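As written, the chains take the letters A, B, C and D, and residue 1 is the first residue of each chain.
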C-alpha cells in the first residue's frame, strides 16, 4: 500500500490538449447502403448468423437453421466443431499464413467447398446466383443443389468463371438424373457431388408446425410472421416464383415436389460407377456417416468423400486410440484407403 | 462485394400472379375432434408428453412422471437414452426400413413391448382398455400391471386379438398370485413378466406432498389442482370407481392396497421355477439391474430379461472395455449367457 | 385410432357414489406443534436443508453452509456424492434391509457417525445437547467439537446413554488438550477424534463480509438480517451466552477465541501416540486428504480414519484402475493397510 | 423426537446481559480513503475483478478482459485453472506455509511473475509505475510490456529496488528492438521476456465494435459509456497523454501504432541467440503453446519458458498417460529437457 500511495502522490497533472484527444474521436465513415452498415458490424460467423436471422421470417429461419426430430444430431455436430482445438507452433511460422490449397487437383483459395443448399431463394431473392458469384469471386468451388431454386444454366450464367459443382440426388427415374448431368456438363460444371444420406427427408418438426410441409400449408402464425418482413415478402412476390428450377417447368418434380417417392431409396456403390459412365469429371460422395461407407465410396471410384465431422472423426479417433496413435489431428482419405487395403 | 452487387442489379422484377401463390396458402383441413387437433400438433414423444401434462391435474402428472427420492436415477436413465447415438450405413439400405422383428418367437411390428403401468385409469378414464387395444392395433405386445385399474378379463375383452402379457408382483400369499396366473391363462394371455426390483415401493416425494399416499389423503392444493381439470374430474366421477381391478372386489388387496406388506419382499431365482410350474408360456424377468441378476434369471429358466438400460449397459460397457471389445452397440441376452456358461 | 375410438364408445357411465370418493378425501391429521408441521413436509435431506435455511439469519446460514475461498472444494465434495451410484442386486435380498453395523467394535444402528460441528448453539439454542440426545436415541455415535458451545460435561448429562466421542484440536499448550481428554474420560466418552486438516482455518469469504470474524464485528446488513428472525434472536438472548464451552469460563480460549495462534500448526503422526498415552480408548483421525496420510495414521496406531470422500476415493480409484481392478465400490481401511504393508 | 422434546424442556432461560452482547457489536473501523473501503471488501481475485470492472468504462473493461474471436481459448484457459486441484498432505506440514522460491537463480517471495500488459494507463492513470512499485514491494518480478504507456526509464525510477523485466516484441526494424534492450540494460533491468505467440494480434471482436481499433474510432456508445465514469475521464485528461512510451515520442511506433506491419512476423529460435548477443542477462520465452516450441526455446539458449497452461499441460498429460506415468502434478522445464535429449 505504501508503494502505491507514493506513486499516486507523484502523478503529474496537466491541462488536456486537443491534439492528444483528436486521434481518438475520429468519426466512423458513414456507409450509404444499409446492407453495408449491417455487414460492418459482423465480425464473426455468429454475427452473420444473427444478422441473417433478423432479415427473414421465423419460418424461413427455422427451415434453414433447424435440424431433424429433437435436433440432437445438429447439436452434436455443433459441439464437435466447438471441441476442435488448433495447436499452433509459434517458431518457424511465416509472415502471412497461407491457406491456399488444391481441391480435386485444381488450386483453391482455401480448403473450403460451398455445400449445396435447397430452396436458397427462400432466404434471399438473389439466391443461388449470388452465392455462386460470391464463391467464384472468392476462388472457392460452389455446389448447386438438385433442389435449387435457380436452374443449372442460370447459375452458370451468373458465375461463368466459377468452379461450379452439381449435387446429384439420384432419382428413381434415371432419365431425370441424366438430364441434370447432361445440362451440368454442357454448362461447364466441374464435378458431381452424390448425396447418399438423405434418401428419406428427416422429420423437421418446426417446418411441419410452421406449415413448411410438402405440399406447403402455411399456418396463420407463419403468415403473420411473414408480414413482419415486408421487404422479404415484396422481393418474393415481385421476382420469379419459387420452384425447383433444375427440373423442367411444369413437371411434377418442379413445383415443391421434393418427395421421398421420386428419389432413389437404395443407393449402392455401383451407382457411383453408373455416374462415371455418363460423366467424365470427378465424383465426390457426400453424407458419409461411417468408415465403411467412405471405404466403399473410394473403392467404387469416387474422387473424394465429404464425411460428416462428428461421427466419422469420432469413430476414427476411437480406432486410432486403440491402435495407440494418439494424434488424430490430420485424418484424411488416405487413412481410409489404408484400412481398405 | 462486386460479384454480389452485379447479381442484385441483374434481378428481373415482375408482377406477382395468384397461381404462383395459391399453392402456399391452402388452409389446413379442420379436425372436428379436439383430441385429433391436439394430436395433429404432436410430432415427437416430447410433444405427446407436453399434451399429456396439460390434460391431467398436477398431482396425477407428478405420480406418472415423477421418480423416487431426488429423482437421480430417473435423470440418469433419461441421460443414458440421450447418449444413444445411431450410426447409419448409407450404402445398401433398402427403400423402406424394416423394423418388424420377433419377440418370444412370434412376429412383432417393432422391437417394442408396452411396459406395465399401475393406476392407468388415473391418467385417462379409458385406461388399460385403450392402451391394450392400441397395442393390438399396432402389432405390439401389451403388459397389464398387477396394480392395473382394469381386470385381466376386461382387458382381454377390449383387445381380444392382442398379444397380452401379465406382469406378476409376487404376493406373500401365493394363492393370490396363482389366481392371477389362472385368470391370465384362461383369457389367453401370452406371457408372464415377473418384476424383481420393486419389493419395496420407492419414496416418491411429490406423491407424499400431494397426498397420493397409501391410503390417499389429498391435500387442499391437490384438490384445487383437480378442479382446474373439470373434464378429467367428470370422467373419474362418472365411470367405474378406481380400484386395483386384478384383485377380487372388496378384498383388502383391491382398494388402494398396494402395500409393501402384502408383496413378497425376497424374490429368489427359484420363484421363476415356481412360476413355470403353474404357467405353460414364457416368463420374462423385469427390473434386472445387474449382470449377476440377468445371468441368474436366465439360468433359472426365464425366456427373457428386461434390463434397465443405464446400469446394465454401463456395467457391460465397462466389462467389454476391459476385455478390449470396444463395440458394445449390440449387447443382448446371448452376451449374458456367454458369461454365465 | 380405430381401436381407441371403439374403447371410448364402450365406456360405461354411472352416477358417482360417495363411498367411492370418501377414501380419497380424508383430511390430514393436524399437528399442534409448528416444528412438527414443518418436519412433516421434510421428506429428504434437501427438504431439511431448506427448512433450516428459513429458520436462521442469513449470516448464520452462511457460516454453517458456506465453504472456504471460492467454495470449489465444497462443490466438488457435493458433486462427488452425486456421482455415487448404488447398484442393487434384486435376487436374494431379504425383506427388511439391515443397516445395523459395528463401529469401533460396538454395534451401531447404521454406518453413520455424527461429525463434530463448531458453534452449534448459533444454529439453535438447544445446540449440542439436542444433537447428542437425538444421536443417542437413534443409536449412533455423536462427536462433540473442541469448539462446541456446550461443555463436555453438559453434553454427557444430556445424553448419558449415548456413544459420545470428543473431537480434539491439538493445542500448542498441550495442558489444555490434556484437560479436554481428562474431562472426556471422566464423563465416559468413548473415543477421541483427532482433526488433522484444519491447522489453519479456511478463508470463509461470506463470514468475513457478514462480520463473523474473530473477534466478531457484525455488519449493519448482518444485524438487519437477524431482526427478521425474532424467534432466533429471542432464544439467543435469553439462554446462556454463546462461548466455547469446552474451555474454562473466562480463559482467553473460551470467548470466540478460535484463533490459529493457539492451535498446533504442525501435527505429526507421533501426536497420535501422545494421545494414546493419555487416553485408553480408540483414536480416530479426521481430515485425511491423501492415501499417504491414511497409511501414516494407521501405522501410528489410529483405530480408524475418516477420509474426505472426494480426494481419497478418487485417488484410490485412479490407483485401482491402473492396477486393473475396476470395482472400487468397497474401499476400506484394509485396502490402505495393504498398500502400507 | 422424545429426546429432542426433553432437551427443549430443560432449556434454562435468563435475562440477557450487555457484556455478553458487546463483543459481537463492535463497529468496524471506518476507512477514510474510498479505495481502502473498496479493497476491504475484496477477499478474493473474483472480488478484485468485480471492483475493477465497476471503476472503468465498459470499453476499457472489454479491452482488458476480452479474448479473441469467440473467446473460446480464454474460456478454456479459465476452465483449465478451475480443474486444478491441490492435494494437501496434513501430516508433517510446518506452522507457516513457505511459498518463497527462486526465480532465475534469485529469491522471490512467491512463484509468481507479473506478466506484461499493454496500455496499462488505460485502466488507471498511475499505470505501470504503480504495478511495478507494488511488485517490488511484494518481492516479485514485474515485466514491462513493449506496448507499455510508461517508458522503460520512468518505470525504473518508480521501482528502483524492483526486479524489473522487459518484454520484447521483436520488430522488423531490429534497431528499434536494440534501442529497447540498451535502455533496459542501462536502467538495470534483470531479464528479457520474448513473446512468440502474438506475431499477429488476435481479432478482438468487442474492441472493434467499441471502436478500440488501430487507429481508434470511438463509437457513440463507447463515448457515452466513458461519460458515466467522470473520475476515470478526468484522470485520463489531466495526466500525460496515452502513448506507447517505450518508443521515442513522435515516431510512428509511438502513437497507437501497434500494427502487425511493424512487428516481426516470423520468429525463429535463432532470434533467441541474437538477443543473447546483445543482452548479458537471462532470456525467458513467453507464449509457448506446444512441447516442440518449449524444447526449441531451451535448445536455443532460453533460461526459461512461460508455457500457456491449458495446451502444454494437457499435451504433456496425454503424453505422460501413454507412458504410464499417471502423476502429472509436477511438470516443469526439466521434463521438457528430457524429451529434448
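One rule holds for everything that comes next: a contact is a pair of C-beta atoms (placed from the backbone, for glycine too) under 8 Å apart; a residue touches a chain by one contact, two chains touch by 3 or more.
This is a predicted model, so every value here is computed, not measured.
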{"item": "Far-end chain from subunit B, centres as C-alpha averages", "value": "D"}
{"item": "Centroid spacing, where centroids are CA-atom means, of subunit B and subunit C in whole angstrom", "value": "41"}
{"item": "Inter-centroid spacing, subunit D versus subunit B (mean Cα positions, whole Å)", "value": "57"}
{"item": "For subunit A, residues contacting two or more additional chains", "value": "none"}
{"item": "Which chain pairs touch, all of them", "value": "A-B, A-D, B-C, C-D"}
{"item": "Subunit A residues touching subunit B - in the complex, by the definition given at the top", "value": "69-70, 72, 76, 125-126, 129-130, 133-134, 136-137, 158-159, 196-197, 199, 203, 205, 208-209, 211, 215-219, 223, 237-242, 255-256, 265-269, 287-290, 292-293, 296-297, 311, 315, 318, 322"}
{"item": "Contact set on subunit A toward subunit D in their complex", "value": "2-4, 6-8, 10-17, 20-21, 23-28, 41, 43-44, 46-47, 82, 85, 87-96, 324, 326"}
